[in-house]
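In the two complexes below, chain A is the common chain; its partner is chain B in one and chain C in the other.
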Partner chain A sequence: MLSLISPLMRIVEIPMLALQRLLGMNKLAWVFLAPNLVLFGLFAFLPVILNFSYATTGGDNVLLADRPDVGLRNFVQLTDCTNHFDPNSCREDKFWRAVWNTTWFVTLQVGFMVGFSLLTALILNRDIRARGFFRAVFFFPVLLSPVVVALIWKWILQREGVLNAFLDWTGAGGINWLVDAGWAFAWSVFISVWAHMGFYTLILLAGLQAIPRDVYEAAIMDRASPWRSLTRITLPLLAPTMLVVLVLALIKGVQTFDEVYAFTGGGPGTATTFIIQYIYERGFAGAPRLFGLAAAASLLVALVLILLTLVQLWLNRRNVDG
Partner chain B sequence: MTRSKFAASTALATGLIVLAGAASAQEIRFMCYSDGNECEVYDDVLTRFEAENDGVDVIVDVVPYQAILENLPVQLAAGTGPDLAKVTDLGGLNEYYLDLTPYVDATAWEEAFGGTLDWYRGGPDDAGIYGMHSQLTITGAFVNATLFEQAGVEMPGEDATWEDWAEASRAVAEATDTPFPMAIDRSGHRVAGPAISYGAALFGEDGTPTLSDDGFAAFVAQFVAWNEDGTMARDVWAGQGGATYQDAAQEFINGELVFYYSGSWQVGRMDEQVGDFFDWQVVGSPCGPAGACSGMPGGAGIVGFEQTDHPEIVAAVIDFLAQPEIYAEVTSRTRNLPAHLGVGDMVEYQDVSDPAAAALTAFAADLPDVAPAAFAYQGYAGNRAMFGITVERVSQAIVGELSVEDAVGRMADDLAAAMAETQ
Partner chain C sequence: MARVWAFLTNTRGGARLHWTDWASYAYLTLGIFLMFGPVVWLVMSSFKTEADLQRYPPTFLPYQQETVMVDGYDDPLPLFLMTGGEYEGQVLAQLRRVGLQAQMIDPENPTERLRVTIDQREPVDRIALATENYTDLFERFSFLRYFWNSTFITIMATALMLLVNSMAAFALSKYEFRGRTTVLLLVISTLMIPQTVVLVPLFLIVTELGLFNSLWGVIIPGAATPTGVFLLRQYMLTIPDEILDAARMDKASEWKIYWRIILPLSAPAIAVLAILAIMWRWNDFLWPLIVLTQSENFTLQLALNSFQGELQTDWSSLLAMTVLTLLPIACVFMFLQKYIATGIASTGGK
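Then we have the complex of A and B:
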């Protein structure tokens, strides 16, 4: 093999040496970085620049050249409210409904997600029977496509779904789960937790298994109760992993779209319309296609996600330093 | 010649023939969606076009309706659209259409398609020929006659109003323990006819579109009230978000719905899926307080796109489909109403049951009742924006996020904003 590669390397070596002589050692690094930079620029930087450009233009044309410059008008339109807590007082009321829906959703979903994931991880970390089976059971929904998750639950919860059939059979009577705003929202949170919990459980399980056993042995020797072991050993030592889970769940929560869109379509009304759906509908599904407004909204979401990431970095650093 | 040289030469020759064939074949891509079996029938009749036009390959790409609404406009704007497509946003995509006038007999087309040609045009000053209206549709109501019979309730007569039908449907639903008395598809197009019957003008005197006149507001108020009191199937409008389309055909087919307001394109589906499960019939569009008994015309048409590399062939394909005998055959096989004025006697619906034949006749008979405002609305290029606004805001009123007054006010604001963006 080497005998085959060596002549090839020599062929490459000649122009590379010439290039090194021409550019110098330091600048040669840029030559090696160039392919990656081009790809990164094309697929990461360019879309960001385009997003900024679209956010400052109006009209419904796709091509930037055909779009009139409107400055910050799209941002003003999105944020123009008498009272930001009351979407009805906002010019772009659907944006603020989506913002508040997303805020509530993220708060509930992340809270339940982290709580249940921790509980599940703690149980699965114990020496229980069929532990492998239960780990697989909790992880299985993560493998499902979001649309499949949505359709499964839609079939369960629709008016003539499995759950109502069961309730009818028990004599309790069915509920039109997906037509009632409160129920539709609650089920959206539940399904999201059900679908993603396995992933976070797995991370926490890895964190739990990284805690040295001798710490627990020392606690047993000191006659520490299980509760004390949990609160004084497990949770403090699991804190860095919990932080990762929390921030990942937050970011994913803000980005929620596909599952809920396939599940409720954002309804009833706008009860389960989240910010990404708002962006999608403004930019692609509605008429006229308001790419400018959608781009401005997506930049505001990006700002929130950047803030969340900065908080994560800060907390991480504090953990490392502290 | 050795065996290997022979094999190599044969492979080379075959490759060259294939390449030459590929180079000479003119591939035309037709983006098509079906309400029933339309794309299947087009694919079949277009094989005859291919046989008559050596080297032309028309590929029918069957896509969901949502792709026509959402993906096609983006593809066209990006210059990556198909050569031709079956569309329903007739005037809205006008800027991308191929003008067929230089390639077809314009006089014959004007005679054949009359007023529907206007629906594809960019405005009153535009005289181009852009699309062949392939299926004329009209909205109207289907009723479950068996449920009326079981309930012993007499079906309202010919000039019955929406209120008459609501009362009768409620009585039938109550007597037969049917879950839903009435339903209207979740679509801005579908509620436009009833709204006109309630007095909606849809356009001001200066031609400016409006969704907030007294007639429109009166219908919205009534529709929301019917959703609140259970007259209308709340699932249809409240069970979705955004402007997503939702029909209630399955509820009707399952015998869970007494009165279903949809349109003529559902006849094939009803015919196939209801079978002899129950008796159904079409009763057209009820009348409103304003005196009109209007449905909404509509339908789909086949258009070519300016960005095609083969405008002559695209025009030839559409012209082929517009030939009376081909048009009549497609209409017959797809069980649609014809928009071609010259094929009335040639359409013979195949494998159609008596109720379906009666339904198609009833829909056709309802066409004269369609109000001028309904034709104007169908021909208005910005109607899709208006349909979307209607669905979103009326849904919000139904679920209680907005009062009827606020919903109507928001519709006016949304429409003004949409018009400002597209001007």
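Then we have the complex of A and C:
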């Protein structure tokens, strides 16, 4: 591998040296930055601008020149409801179903995830044996691909799967989990907590280990009970990390798509259709391809994400300056 | 025994276990079961034959029915143990089943056909791995094609990302130039533009560049990442400038400084980023789903997802394919667990 890269790097050195002589050392920085900036420009900033053009044009043509201007009609179509809490009263009912599904999903998923991550991190931070092993146990589903996670659980939950066999054996009786809207939604929350919990546990554990030991020693000197040192020392000192975890989980939760799409396909009906799936289906999955609606919905999602990211950056501000 | 117990229940401080310790270990044991259990179940199931997968309630170990070759028949015949009727206790081979009746023969005496009802027999099973689930993947499906696509995308995207991001990180950490703060802010602001919110225009740009249905259409758009730039920049800031000045004294060009000094010295950070990139790319789903629509371009993830629709009943192939898809990542995890943990903790994920 290295023998392949070395000559390549030497060839690149020739034009780079010429540029260095031409521009001087400090301007050369722009040459080093160029590939990255071109990629950012082409695949991040340009799309943001174009997204506005798509959102204000109609038709199913992908070329902007062939798309008729419709003004704000896409947004009107998306938000036209007599009662926003009742998707049935909306012109674009699927959008509102996705919005409310996502809201519920994010609330439950983030709540359970932060709760269980905190519990797990607190336990892993205790004086236990084989901590590295247990940390790995909780972490490893993070590495599994969303499709693999979905298939693993689909196999367990199928009608004649192992969970139903167990329930039959206990006498409770099996349930057709993914055919029932409520259960499918609950399991979607479950598998996404299962798959991502380890990641947040890791961050919280790092936060717990950053709390200085002597604070606890002082608490023991003062004969504080373990419960008291948990609620009065650990949790307050962990609060900043908790906040970071919360915001990160919200940002990712809003964008949930992969594992649930592979798991339920958004169904039954639209019970587990989330906002990114709505965008995918309007823009790419079916004919006609309503790019305008998809882009308008993307902009609304972007608005939420930008707010959340700003909070995240503000929380992390010490890490980025300088 | 008592000493073993004393050793196991001993804590580092020398005190006995408190009830909270018991609760902790109970929680962790449940954790092992809940986190590993499903994957173990998947792996065990992937070695079962299609017939064994249909068995309800399912068994933990994979079983196959014993078969026997009988003179005069071309195919091996399944064996059954008779549990009732006049042949009770005998092992018979089945010729065919008609409704509730089955035609059996005694392998020792294959000329005589016996008629039994099917509730009077049960199959003779033995533990056996159905490795044909795996070999079938290579014969019946273009599994290698998908595997190659995934591998190609992962390797190329990781290499490209490391190169592009480390160059930018080098410029942002080791040069004083006008506009540096602006560039830093620009890089940070891309955090606010995840792929999921620019799918439509991204699709146009990739199509216009002729990358639709091309693996490069998946590789290139994600090559520049704010996470990568910042992770590497933070690390490069710790490299003392004196080393660079010394190299400049020796008339080393800036490019040479970059690839002979900065890159080797940033190896730990680069390793962390490489592992993260491999993970992201191997598991990537939504963007490939949009860009790659022809099945010969599918990555493993796309192939798995599309097969689970088509092969609803063919779980044996699907399970084997799932196992092979998670295998590379599982290997990476086993060897590099520590780096992955530090990497994720220091970048806060994607």
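In this text, the second predicted complex is superposed on the first by the 273 of 322 C-alpha atoms of A that agree within 3 Å, B and C clash if a C-alpha of one lies under 4 Å from a C-alpha of the other, contacts with A are read in each partner's own complex, and residues count from 1 in each chain.
Heads up, the rule we're going with is that contacts are C-beta pairs under 8 Å (C-beta built on N, C-alpha and C of every residue); 3 or more make two chains touch, one makes a residue touch a chain.
Source: prediction; values computed, not measured.
Asker: For A:74, select first, second, both or neither according to whether it touches chain B, chain C, the two together, or no partner.
Answerer: neither
Asker: Examine A:140 and indicate which partner it touches, taking first as chain B and second as chain C; both and neither are also allowed.
Answerer: second
Asker: Output check: A:188 vs chain B and chain C. Expected answer is one of first, second, both, neither. What do you get?
Answerer: neither
Asker: Return first, second, both or neither, reflecting whether A:284 touches chain B, chain C, both chains, or no partner chain.
Answerer: The answer is both, since A:284 touches chain B and chain C.
Asker: Of chain B and chain C, which one contacts the greater number of residues in chain A?
Answerer: Tallying touched residues of chain A, the top partner is C.
Asker: Is A:56 touching anything from chain B or chain C once the two structures are fitted on A? First, second, both or neither.
Answerer: neither
Asker: Check the residue A:178 against both partner chains and state whether it touches chain B (first), chain C (second), both, or neither.
Answerer: first
Asker: Of the two partner chains, chain B (first) and chain C (second), which one does A:201 touch, if any: first, second, both, or neither?
Answerer: A:201 contacts neither chain B nor chain C.
Asker: Let me check the overlay on chain A: which residues of chain A are in contact with chain B and also with chain C?
Answerer: Touching chain B and chain C on chain A: residues 62-63, 284.
Asker: Please give the residue numbers of chain A that touch chain C in the complex, ascending.
Answerer: These residues of chain A touch chain C: 9, 12-13, 16-17, 20, 25-30, 32-33, 35-37, 39-40, 42-51, 53-54, 62-64, 119-120, 123, 126-128, 134-148, 151-156, 160-162, 165, 168-169, 194, 198-199, 202-203, 206, 226, 244, 248, 252, 255, 257-258, 262, 276, 279-280, 283-284, 291, 294-295, 298-299, 301-302, 305-306, 309-310, 312-313, 316, 319-320, 322.
Asker: Taking the touch rule as given, give the residues of chain A at its contact with chain B in the complex, in rising order.
Answerer: Those residues of chain A that touch chain B are 58-63, 88, 93-94, 97, 159, 176, 178-179, 181, 264-273, 277, 281, 284-290.
Asker: Enumerate the contact residues on chain B facing chain A in the complex.
Answerer: Listed in rising order, the residues are 70, 73-74, 77-78, 89, 92, 234-235, 238-244, 382, 384-385, 387-388, 392, 395-396, 398-402, 406, 410, 418, 421-422.
Asker: Show which residues of chain C lie in contact with chain A when the two form their complex.
Answerer: 11-13, 20-21, 24-25, 27-28, 31-32, 34-36, 38-39, 41-42, 45, 54, 56-58, 163-165, 167-168, 170-172, 175-177, 180, 183-184, 186-188, 190-194, 196-205, 207, 220-224, 229-230, 234, 237, 253-256, 258-259, 279, 282-283, 285-286, 289-290, 301, 304-305, 308, 315, 318-319, 322, 325-326, 329-330, 332-333, 337, 340-341, 344-345, 348-349
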